[in-house]
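One chain, chain A, appears in both complexes that follow, with chain B as partner in the first and chain C in the second.
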Partner chain A sequence: MITLSASSVFAYLLFPGGLFAILFGLILLSVERIAVARFQGRVGPPIYQNIFDILKLRIKEVLIPEDVTNRFMFAIAPVFGFVGMMTAIFILPVSGVYGGTGANSDLIVLVYLMALPAVSHILGGSASGSTFAAISVSREVILMFAYEISFIIVLFTVALEAGAGEGVVFSLKGIVDYQVIHGSFISNFKMIPAFLAFVIFMLATLEVPPFHIAENDGDVMKGYLMEYSGMPLAFFEITHALKLIVLLTVLQVFFMPGIAGYNVFFNLLWFIGKSAVVVIGIALIHASMPSFRVDQAFKFLMTVPILLSLMSLGMVLFL
Partner chain B sequence: MDTAALGEATAFIHGHTAEVLHIICTAIFIFCGIKALFHKELKKVLIYSLIGLVVDIRSLLTLDSSLALSAFYYHVFNFLVIVGMMLITARSLTKKAGSGKLYDMRGFGRAVPWTAAPLAAGLFAMMGLPPFSVFFSKYLMIAAFVDSGNIISSIVLAGGEVLYFLVFIRVIRVIFLDKYRGEPIEDRKPRELFPVYIFLAFITIGGLIPGIAVKPFVALADAMGSQVTDLPPMGLSWPIATLFLAAGSALVFFLGQKSNKRAGLLSSLLCLLAMPTLFFSDAGIYGISFAFLILFMGALQFFYSVSYMEHSHKQYRFYTFFLIMIAGLLGVSLSGDLLSMFFFWEIMSGWVMYLALAHEGDGFSIQEATKYFTFNYLGAAFLLAAVTVVYNETGHWNYTKIADNFQYTRPMAIAVLLLTLSFLMKAAQLPFRIDFQMHPKPAPTPISGYISSTVLKSGPFMMVKIFFLASGGVVATTLFPLESIMHVTGWIGALTIIIAASFAMLTNSMKRLLIFHTVSQLGYVVVGCSLMTSMGLAGGLLHFVNHMFFKNLLFLCAGAVFISTGTDKMDRLGGLARKMPITFFCFMIGVLSIAGVPLYSGFVSKWMIYHGVMESGFVGIAILALFGSVLTLASFIKFMHSAYLGQIQENVRDAKEASWYMLLPMSVLAGLSVLLGVFPGIALAPVNRILVEFSMQPLDITASSITFGADSIDMLFIVSILFMGMALAGLVYLLTQTKTRKTHVFVCGVGDLTCEDSHVSSVNFYEDAKGFIKGSVRIIKKIIGLKGDYIER
Partner chain C sequence: MLSKYAIKSPWLYRINTGSCNGCDVELATTALIPRYDVERLGCKYTGSPKHADIVLVTGPITVRAEDYLIRMLDEIPEPRVIVAIGICPISGGIFRDSYSIRGPLDKYVEVDVNVSGCPIRPQSILDGVAQAIAIWKDKINQFHEA
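So, the complex of A and B:
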């Protein structure tokens, strides 16, 4: 049963997925850079900087190392994450603007799709044959291992809370609808710890300080990205921008899907505004924190967010 | 003294006499067992064990029923025949060795196979394994106990024989499995061996037609005038496919001696030819679909073995045992009654499997195979007691009749608990030590892969069947805690997923990593099946099928690497993807499937299992199961990076791509893994019919989509979106065709780095998290009693 109508192709390629998400993500990345710069008393890049970076990479020469272990894997790895993120945005609902894809907007599908960028880093870095990449791959896996636990617990907490004591809601649309009627979860005291855990998860996934570890230029020199250049590198950058949008959307689906009325345009502005505020918040943390060492980060992620999310889960189950 | 008091006193003394007798007999039993375990002379070992085992069954005489008495006579008679046969064989071996010491006969089984074979058969028969007559006399014995209400003594009796099992297995190891290091000696002439083989034929025929063989002893017991009890029917149902493969194994044994290739291809062909016979089976869609998969996997395995076993020795023997094992497994899946199921279960996990696993004949593989065999024997002891209780309570062997006459009583609850436990043990799940239940690493890879992917599935397969039988009528009364059994089983599965996967994170051996993951993935199957809801069971069964394909694929890849590099240690590998690209891609498909990435199989089944678990409201199990797939991905990334990617290491320098005998099965399995990832409906159609057979509501499926209640997923939709993304990326790649240049990996100007220096090996891969994982593993080891560095080796 393929139900790829014209409207879903539009949603996939242009809005809210595809082009819109890529441009929006790239601009938000620049916004984050600007905000960090302002917090540190610098001017920062112009707001279109990240878009220009991509355009520049388009015409750059592609360098392929002779000692790449597997050339095919090296070339195809960036696509994994890109594809996963494009699909994730496509199935995620934007409250008041876009309803997702109905049946297939499923939490479990989302978990697996959101792991794909990390998988693509790992495959690409590992296939490149570089030692720095190997170290960063191992760090990435260690961190992923730690932050996925809290993400999974948060996810089940949200699904249970949206089920309101009568089973679970796995449908993303269902979660949004529940909150639009019953009030956002962020205003629910039971869900505050889960929200904090999710924010920590976001920081760790986006690899901003204090979790700037796997691709830290300071010690592993961009790690898995080290041997990449030209268009493959651009794909990694685009995937990063898409990942930011996916995380922001998931945050809003889980905790603050409130709508600004029934006008699609205002709802979109409301979505953009909420996203920008969150990004500036991330920038504040980015600017004020040093980075963990990987073992410290691992210990932190294995304790704090997991305890926070378990606290929420306990309250949802037993209160 | 008045008569009443006298009567009381007599009863008192009488009761205590029985107790004293009991203690003395137990002491003799243990004494003889220990004596036999350490005695140096073969003859004395045999005699001690005969005395011990006969003394052990004297308690049958206290039961006073014709069933007990006939069991006693039959059992003693069998023992006498077998020990007689073994003593004659021991005498001829003593003559050849020039001494009666066990260790002077080391390896004689290899040097004079025809002379020594009756000894091996006798020893296996004494263990109570089919197809020898002791299997049935032992069963009758347990049945007599259960009949008189002593379930506990029957379990103790069956379990106590593990001591003697160790005695026999020691003799087998020394005489038959150790290497022969003497002058070549000649077998005895057929004419001289004839009488011994008459004995052997006698006990084998007794094992194949038990109903007739037991008649004289029943008559004898009746003549003794004890209280008459009906004998349980002991007819076996032989599925055609089983008979076909059993006959085929003889063919392979005789025709395959000349060449390995011929033996392997013949075995593979036999598996394919046995498939049409399944149409004539009346076992129901559940059993038949499992049997079909058994044969299919068997055919692939033998085809692969043609190349893998090339440098081994006496391959025809390996193929023969392997085929008989498959025949046993087919019997388990196709048999319509519980007794035949147990008979074939013992064939599948009994001596045939042991000999096939220990085929390589080095110390390590013999040790590990023995460990596994011992554990299987213990599991079968539980199973025997439970099966007997089920017959005793329902009065039928046939599954449908059992379901109709199911009694919700306490003994039945114990039986279901025991059955569940022994099926969980077969699937190497938790309450017992994982490392003992895991099948051995050093066995030949084709059989390792087969056991992992197919044979261990017999555990969940039978578990579902038993749950179905038990849940036919009223459930969840206080007498019959089926719900609790199922819930605890689910938790066992979930914990096993996590623990086995964390062990896999630490191990450095390719095959051990895969075996740990077998245990972990079977946890998913157990979780899904333990729910017994439509979604849960369908998810569990789909994972059952998916796991068969991708786990076997991973094993075959590991075997190909082992053949071309000669090592199993991951830290000695690196950069294999360059030397063996096809193997690498098959391996990657296996990894993506086992981790559950969309587009590959494993995703859909896990999706269904999570939905099923949450539908039943078990949040804890769902979290553990979902986290398990992160652990799975993490440990396979270590495998992928340290073995296949990174820099080329010493061992890999001369590695060659596997032969096409190996690549063909691998590609078939890889193709199936992708196919089932996109069109799970292919496997779900039979699963749906199984749900109907189990009178559950079937799912609403098409080739690629699944809908049940509010949950639905359409894989083709997801896959087409994914492909759209790929096409988009490909288009961008094509449109921006820029100049490419060959360079070298950037190493910050360090000139003298060797490949070894710049490779992150598996031992160091998770260094930063190792402290944490090791700490948790240490705690787990404390709790479940693991010792030593078994995992890390």
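So, the complex of A and C:
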């Protein structure tokens, strides 16, 4: 049960949701760009680059194309993903720092919220009336069907393992508490395949290579973002940053919620450190991989992550 | 006030108007290799003309490319800076006086920076982009006063 109190408003708007998450997400996106540049032997942009990108988009002219098929949808699409991600950060616990909302079945809510950025891309892209956006939306839908399955299997595996043979735990806080007492799932051999499947899901959701398909500027220009400019585009960029934070937090809730003592400040630093290490790992994959074609990506996502997560599910059920 | 921060994030967009690809190779790859990293200035190549701040035009504007160039220039939001890359959009270069050339570029749009060369050197691309950023700052201020 969520009640409207000063602390929940603070958590939604300032910390750990809202302002903190947006700034941290934008900085992590810059860290990813810097890491890719360093892996390629370049200098890369400064660390505040993505924040300045948002400020820059604030001053640009907003263009609305004449052949928009649905003006209302075109205008409202950026807000969908943004709101979904803000709510997702609000309900997610950060171990040792913030307890989440503590609602009983927030894991189920998370499944729906995680799909919202892709839904906003699909709505905005298909309302914009551009051919490139149409191609990109069809690719996004195909990928979404493929990666959501493995995410749901991973989620059930984690819920079962946290239940310790006595049912399932659909509470995010319950999962974190179980791992703080019994050790993180990343050190549990049964959960390693699920962890790998979740990393593949992360790459596919974030659309970094090898899953840079839907908005690849090499063949569909900018895809669903093609017709957006100015502030609506900035909203999509902020949503991308929030999506990165949500995925990193979910990864840490599911697999590595270990705490660094009982000091909130150190736990926050530990959270930031773990996130940065994961982002640099993503950047290494980004810098070293080419991109799949959409049919190859579909085949890959329908086999490898699903088999990995089913392997974990089997081990959790029968071992 | 925002212009101080905005000039640190210019997004580049390339328009090829029938170029021989010499300048495009220099723009797409050489300007991003370790020695001449254009991302240090905060630049990023974007895929859509609607995200562009600095437009890099290559090629001598052939008959076929003319309509597309005009349409594309319409789609680039203000404030923006147009940079002519290579000798072709500046004067026509070796294709000057050809039957299939409709250039130069300044017949269609006000060009802010000319970067000459055939093909251009990476150093001059970086110099041209740096000059374009300086011009862009003034344009942002003018755009906000208007």
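Convention: the second predicted complex is superposed on the first by the 315 of 319 C-alpha atoms of A that agree within 3 Å, B and C clash if a C-alpha of one lies under 4 Å from a C-alpha of the other, contacts with A are read in each partner's own complex, and residues count from 1 in each chain.
In this section, a contact is a pair of C-beta atoms (placed from the backbone, for glycine too) under 8 Å apart; a residue touches a chain by one contact, two chains touch by 3 or more.
Source: prediction; values computed, not measured.
Enquirer: If we overlay the two complexes on their shared chain A, which of chain B and chain C does A:I47 touch? Say first, second, both or neither.
Expert: After superposition on chain A, A:I47 lies in contact with neither partner.
Enquirer: Quick check on the superposed pair: does A:L55 touch chain B, chain C, both, or neither? Answer first, second, both or neither.
Expert: The answer is second: A:L55 touches chain C but not chain B.
Enquirer: Is A:N70 touching the first partner chain B, the second partner chain C, both, or neither of them?
Expert: A:N70 contacts chain B only, not chain C.
Enquirer: In the overlaid three-chain picture, which partner chain does A:V109 touch, first (chain B) or second (chain C), both, or neither?
Expert: first
Enquirer: With the two complexes superposed on chain A, say which partner A:D217 touches: chain B (first), chain C (second), both, or neither.
Expert: In the superposition, A:D217 touches chain C alone.
Enquirer: Applying the document's definition of touching, compare chain B and chain C: which contacts more of chain A?
Expert: Residues of chain A touched, chain B against chain C: more for B.
Enquirer: Just checking: does A:I272 make contact with chain B only, chain C only, both, or neither of them? Give me first, second, both or neither.
Expert: In the superposition, A:I272 touches no partner, neither chain B nor chain C.
Enquirer: Examine A:E227 and indicate which partner it touches, taking first as chain B and second as chain C; both and neither are also allowed.
Expert: both
Enquirer: In the overlay, answer first, second, both or neither for which of chain B and chain C A:A37 touches.
Expert: So A:A37 only meets chain C here.
Enquirer: For chain A, which residues lie in the overlap of the chain B contacts and the chain C contacts?
Expert: Common to the two interfaces on chain A: residues 58-63, 221, 226-227, 230.
Enquirer: Show which residues of chain A lie in contact with chain B when the two form their complex.
Expert: On the chain A side, the touching residues are 1-4, 12-13, 58-70, 72-73, 78-79, 82-84, 86-87, 90, 101, 103-104, 106, 108-109, 111-113, 115-116, 119, 122, 126-131, 134-135, 137-139, 141-142, 144-146, 148-149, 152-153, 156, 159-160, 167-168, 170-171, 221, 226-227, 230-231, 235, 294-295, 298-299, 302, 313, 317.
Enquirer: Residues of chain C touching chain A in their complex?
Expert: Checking each residue of chain C against chain A gives 2-3, 5-6, 8-11, 32-34, 37, 39-40, 42, 44-48, 50-51, 53, 75, 77-79, 140, 143-144.
Enquirer: Residues of chain A touching chain C in their complex?
Expert: Going by the criterion above, the answer is residues 33, 37, 40-46, 49, 52-53, 55-56, 58-63, 215-217, 220-223, 225-230, 233.
Enquirer: Given the complex with chain A, which residues does chain B contribute to the contact?
Expert: Contacts found on chain B: 575, 577-578, 581, 584, 588, 596-598, 603, 606-607, 610-611, 614-615, 617, 619, 622-623, 626-627, 630-631, 633-634, 637-638, 640-641, 644-648, 702, 704-705, 707, 710-714, 716-718, 720-722, 724-726, 728-730, 732-733, 736, 738-748, 753, 758-760, 765-769, 771-772.
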